[in-house]
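Have a look at this one.
The letters A, B, C, D and E name the chains in turn, as written, and every chain counts its residues from 1.
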């Protein structure tokens, strides 16, 4: 009779809040109970259920890298009831977290290859976890290229880290904003992600691509990736269906027989095409 | 055992009854402490769901008060409210919720004394009716008792 | 071919409609809605006293709307719902054809709201006796008995929302029960959550409900839901003298007022 | 969780004497999200405001709840304080723990708990507040002044002289009001008409003023800066363009014995008449009810005798709609007639008159050309008894207030009587003499000392006729309540000043509030004595409460200055408490449209990329919406919300009503 | 284990009386000519000759609203407590074999990857006494989904009325034996009996294997739309279904005190899949109906090796628009 209640969250204290963009915040969370922290492990690409007591749970990825110990980070946009409650939290407040759930990016398979990250808007947080993971193991990979676009300069998240990556000689960072979204002192590209990708055309051989962003961006980016030499198996994305339980039971995230929370959220393009289009 | 002290909430409009209650204050007219006031721009703004919510939160009685007919700051909010309350009251009666627990009134900005009387009268009437036990009984049903798992 | 089928066939033959929604016999010895998109299926179209579903509920269904021009087989309650949704700006004159079934079971084709109004006036029926009796019985109970009666009934509710789904007037794209900022109605099927839902539903239909009784028939646990709205409509008729579903330009009693409205309950 | 600061004001002893403010602050500090909580003697004072500002900086507050007086008093004050620290002012809410708590409850635990509950309810509201930004609307720089008495005249001239257009409407055929009826004015005894008529002429000739006499407000729509007033211009059956004001018609009219309103029915007038010689406009009007032509169609005397051809029996009432940005209400007052007083003969004794009637007897333009002659037989009365407070300050008569002007005009009447009838005797029954005002007390003293007016402190219980004399029976309370009986030739009642009989219906048309005596209510008795609760509508003169001339004029100028200040802006800043619709969830049933009193709900078509209409939804015109929120409560799918009182805010307030967290028990 | 016994109706009554004091007993009860599972304390209250209850008995395991934990705010932190999901041992008495077999699916589903605490604890204290069907109606189709009116699958004890007042009892599990032991002398040993002549005849309505193949292979088809036009997207089918397991997790209460609760949900609701952004992976009803059918016959087989339909027919009986899962499967069988 000592089965554990899988719905009990870890209690997390909000250590730091960063306002990334309008309506977008990043929380740095630390475990309230040290034992929880020592038992906790996750891999890049996994997600969790974040909760405000009285408001409920909401799902998003762990945006920090597993190589950064002692805390986790998440980035979210204020949209529904829970994210509004989270958005209104202050540093020092206690929230709930359960996880990690889902599969992860197969980093070990990528060793010796070039890695191309493509993200749009609020799609950067899941990718950011992988980016840092790769950067922390920098010598295991060849070229690392990051292509990140947002509607406007204001909407770019992780502005400090973008600067940091831009300065690194071992990373090629391309940032872009949609036409009309630039400011007078904007030094990056102006244009939609797919066309900027086409312009940059990084090599697809012996490389993997991680694509995350709004559905329309992904839809238009995939053909270009194939065109520049990526294989269907080497293109990864994460699915973002509505989730409630995180453990393949509640049924919300099911895409056919596939549970995004359990079998995903990371999926390569070849597998994605086998699924019914219910994501 | 001390005497039952009813919890009363008053939903009032800003222009008449809230001001009337202000006047009761400036005139130092004493009345019962049981009332908690929630301010609305107009009685027309008061959603019937809020009355249900107040009962749910433990109110034993509710006062809904605004401007007299023809005095509405917004011309007609109180007329619409009047119809809505009439229908709502009938529904509560039909369902068996004691509609005497909701007291509707018009209190103008000049009627500080009327406000005080209204509160006092409501408190003593609700005290006679006793606690709103119907709702409290509903609340006591917790969902994990096996007997109740089968929706009975 | 029956007269009903003839009318339907003619509508298809002259290209007036793309989809006809009517009744047919089903596998379980009952009747259910049939969606006929070409005249070949017309022989399945029937009408008898078992055909109760208010088919106007399908008028708002996106997959039905896609078909284009529609025709509905409707009896009195269905036609009343046409006028009611017309008064609520949801259907315009000429948006659909209506094969109206009169009290003797004879079909006739109605096209505009005037015809429907006349039809309704000429085909008035009394509300079912059972419902009236139950309503009277409840009204004669003491308040405590009424409360007991309804809490017992509501406690059965599992919040499947069939009452909402089958109602042609519950066409909101966002129902109050689906809103969580604020959480107007508790999501759990608890006594309070159930009570809130049924009160909200009744209030939202007060003076709008045309009394088809589908909510009650759909309820898997047999809550006599139609009583709530019927009783409200009765009080609205007494207080304000209005009845929904009679005119396409019906003035909804809760969004209008008269200076001389009763206020004997207000202090 | 938000970072909310709670500030409890003692208001000196006003709150602190019954509410334990320190305890309220302590209880409040335990509410989740409240990061700072304190109490202070005077939160609205400079140091109090500084306290709030410092706390906002120090604790990085995101919201503020001030527990103090009514928000109707100090909400703007504290919102300004919060705004000065860079927080959106709508994140400041006031919890009313004075008017609604400390002043109405005894000292004790319960009262403190009520204060704490009130704070908690508002904390929950603030937690769910959203930043709001003021709305700008254009201002129509034209004022409507209702009432052409001295207050309306003064307001019109002030506003017009500042370069703004004014429409002055007067329900009588001429402007002038009560002041035109007066003989001389206290305390200077200068001639009323002499000082008034030049102002009347100035109004008539002012290029910025449009005068509409014999006109009344029919209805009013709109809001500050953007009112739409419909005015009923009553048919006077005279073409004003053609009429040259010669007055021939009034002389030819065969009907001559209609009681003359201007003379307080002490004189007679014809059916076609000019109210008084100096009337502005100086154009006659036909009294339809008394005109033979309108009775049986037979008489045409005036028409046949009008050389200008200005008589027009077919004239109809006209409804004229005007756009105005502000309104000054200066509709004045009326007085009770003698028929109001059973104890003084119900008006059946001809020689019992009202103050206003006596005023006409004193006036050189009056029916007796200024000679004091009593109505019954035209004799000069040798003994006149004046009764002050006739009706006023009398709860039994339903008039509990002081009519304010009677003490002074009664002294004036007695004095003028004595000047005109030096051998006459003037007795005044009074309750108290209220002569607060510049040179007022001196004036009363002059009446006593120089003009031998006899003041008797006491009330008159009865006036009756005996042997052709009026017997005034009263008591002298200064002489141990000795009964007094005086035989008088004439009795003058200083009857109560009251609101016009149509004041209530006018207030309803204008959407302004009024008190239980039907006097119009000011927004604040001390700090906003000129404005009404309806923005853009100000009050001038005795429509608000009884006033004398200097006060009426002063208030008129104040109302004018408020109006001019409003007109000095091109765009008006409005509170953003308005409804907004959610176009994605609205299903367009438009049942909300008919509940909106401002016609602010409009239909908007939502189109797809190809321009096809997908649906029609409700959209709120933010210029017209006044924020009553009736549509919000009405919307089934909650697709309309009211900024400042959103569903989420009020729901949170209600949720917090009785919540007692275990933490703070 | 399988051993066979007989018990008279009268002794069954005594058996009930022996069980009743120490257990919570849930059994079908008649209310207004319909049958519902209710807690009963008198044998007479139990309806023994019913065809089907309106709602399944799954809520003894997976209630309509299930508290996962309660929270209380204290000093800026939260205390959490877990209410016990079940107090006494619970016996469902007189459940139909189709329902009993649903518990096989439910226990597989909820305990497969993650052991759900509430479900596990309830399951441990749950005893199922099933009652073979004497009668069936048009909606019944257990024989089409690999079961039959006297199946013992999922039961601890199975009763079949063989002669007028005697029940044939199959002791299916240890738990069943445990129940017998309350009053073993009421039972009489016997040999295995062929039950088929004592039970209802439920004609097979489709070949599940063939239908399954077709359903598996057809995702895009106008048939899905045509077949589901009548569906209005209420939740009855899922809520009445003994194997539908979808749920939602919500907090009930305030920021101070409250509970996190698991409520039933239905894939028929349009909000089921809708994102906060407004994007909906299954925007129209036909896709939701397709998901339901495919889940029952394809997805659950892929994930658990079990069809998640037991043929109880509740969805068919309750549907206000006469949607019929059998008809749909037949359509696809015939493709």
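FYI, a residue touches a chain if its C-beta (ideal position, glycine included) is under 8 Å from a C-beta of that chain, and two chains touch if they have at least 3 such contacts.
None of these values were measured; they are calculated from a predicted model.
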Figure out the least number of contact steps between chain D and chain E, where 1 means they touch directly.
1
Which is the least count of steps on a path of touching chains running from chain A to chain B?
2
Please identify which chain has its centre, taken as the mean of its CA atoms, farthest from the centre of chain A.
D
I'd like the most central chain, judged by C-alpha centroids against the all-protein C-alpha centroid.
B
Taking contacts as defined above, which has more of them, B-C or A-D?
B-C
Let me spell it out: compute each chain's centre from its C-alpha atoms, then which one is farthest from chain E's centre?
D
Rounded Å distance between chain B and chain D, as computed from the means of their C-alpha atoms:
32
CA centre of chain B versus CA centre of chain E: separation in Å?
45
Counting in whole Å, what is the centre-to-centre distance of chain C and chain D, each centre being its mean C-alpha position?
52
Distance between the centres, which are taken as Cα means, of chain C and chain A, whole angstrom:
47
Contacts with two or more other chains occur in chain B at residues 48, 53, 70, 76, 80, 84, 143, 151-152
Can you tell me which residues of chain A touch two or more of the remaining chains?
56, 80, 93
Give me the residues of chain E that touch two or more other chains.
36, 55, 64-65, 73, 76, 248, 250, 254-256, 261
Within their complex, state which residues of chain D touch chain B.
70-72, 96, 98-100, 103-106, 110-111, 113-114, 117-118, 121, 504, 507-508, 511, 513-516, 521, 533-534, 577, 595, 597-598, 626-630, 632-634, 642, 644-645, 647, 650-651, 653-655, 657-659
Touching chain C in the complex: which residues of chain A?
56, 80-81, 84
For the chain D and chain A complex, residues of the former touching the latter:
1-3, 33, 35, 127
Note: in the complex, chain E contacts chain C through residues 32, 34, 36, 54-55, 64-65, 138-139, 225-226, 228-230, 232-236, 238-240, 248, 250, 252, 261, 263-264, 266, 269, 271, 284-286, 316-318, 320-322, 324, 326-327
Given the complex, residues on chain E that touch chain D span 72-76, 254-257, 278
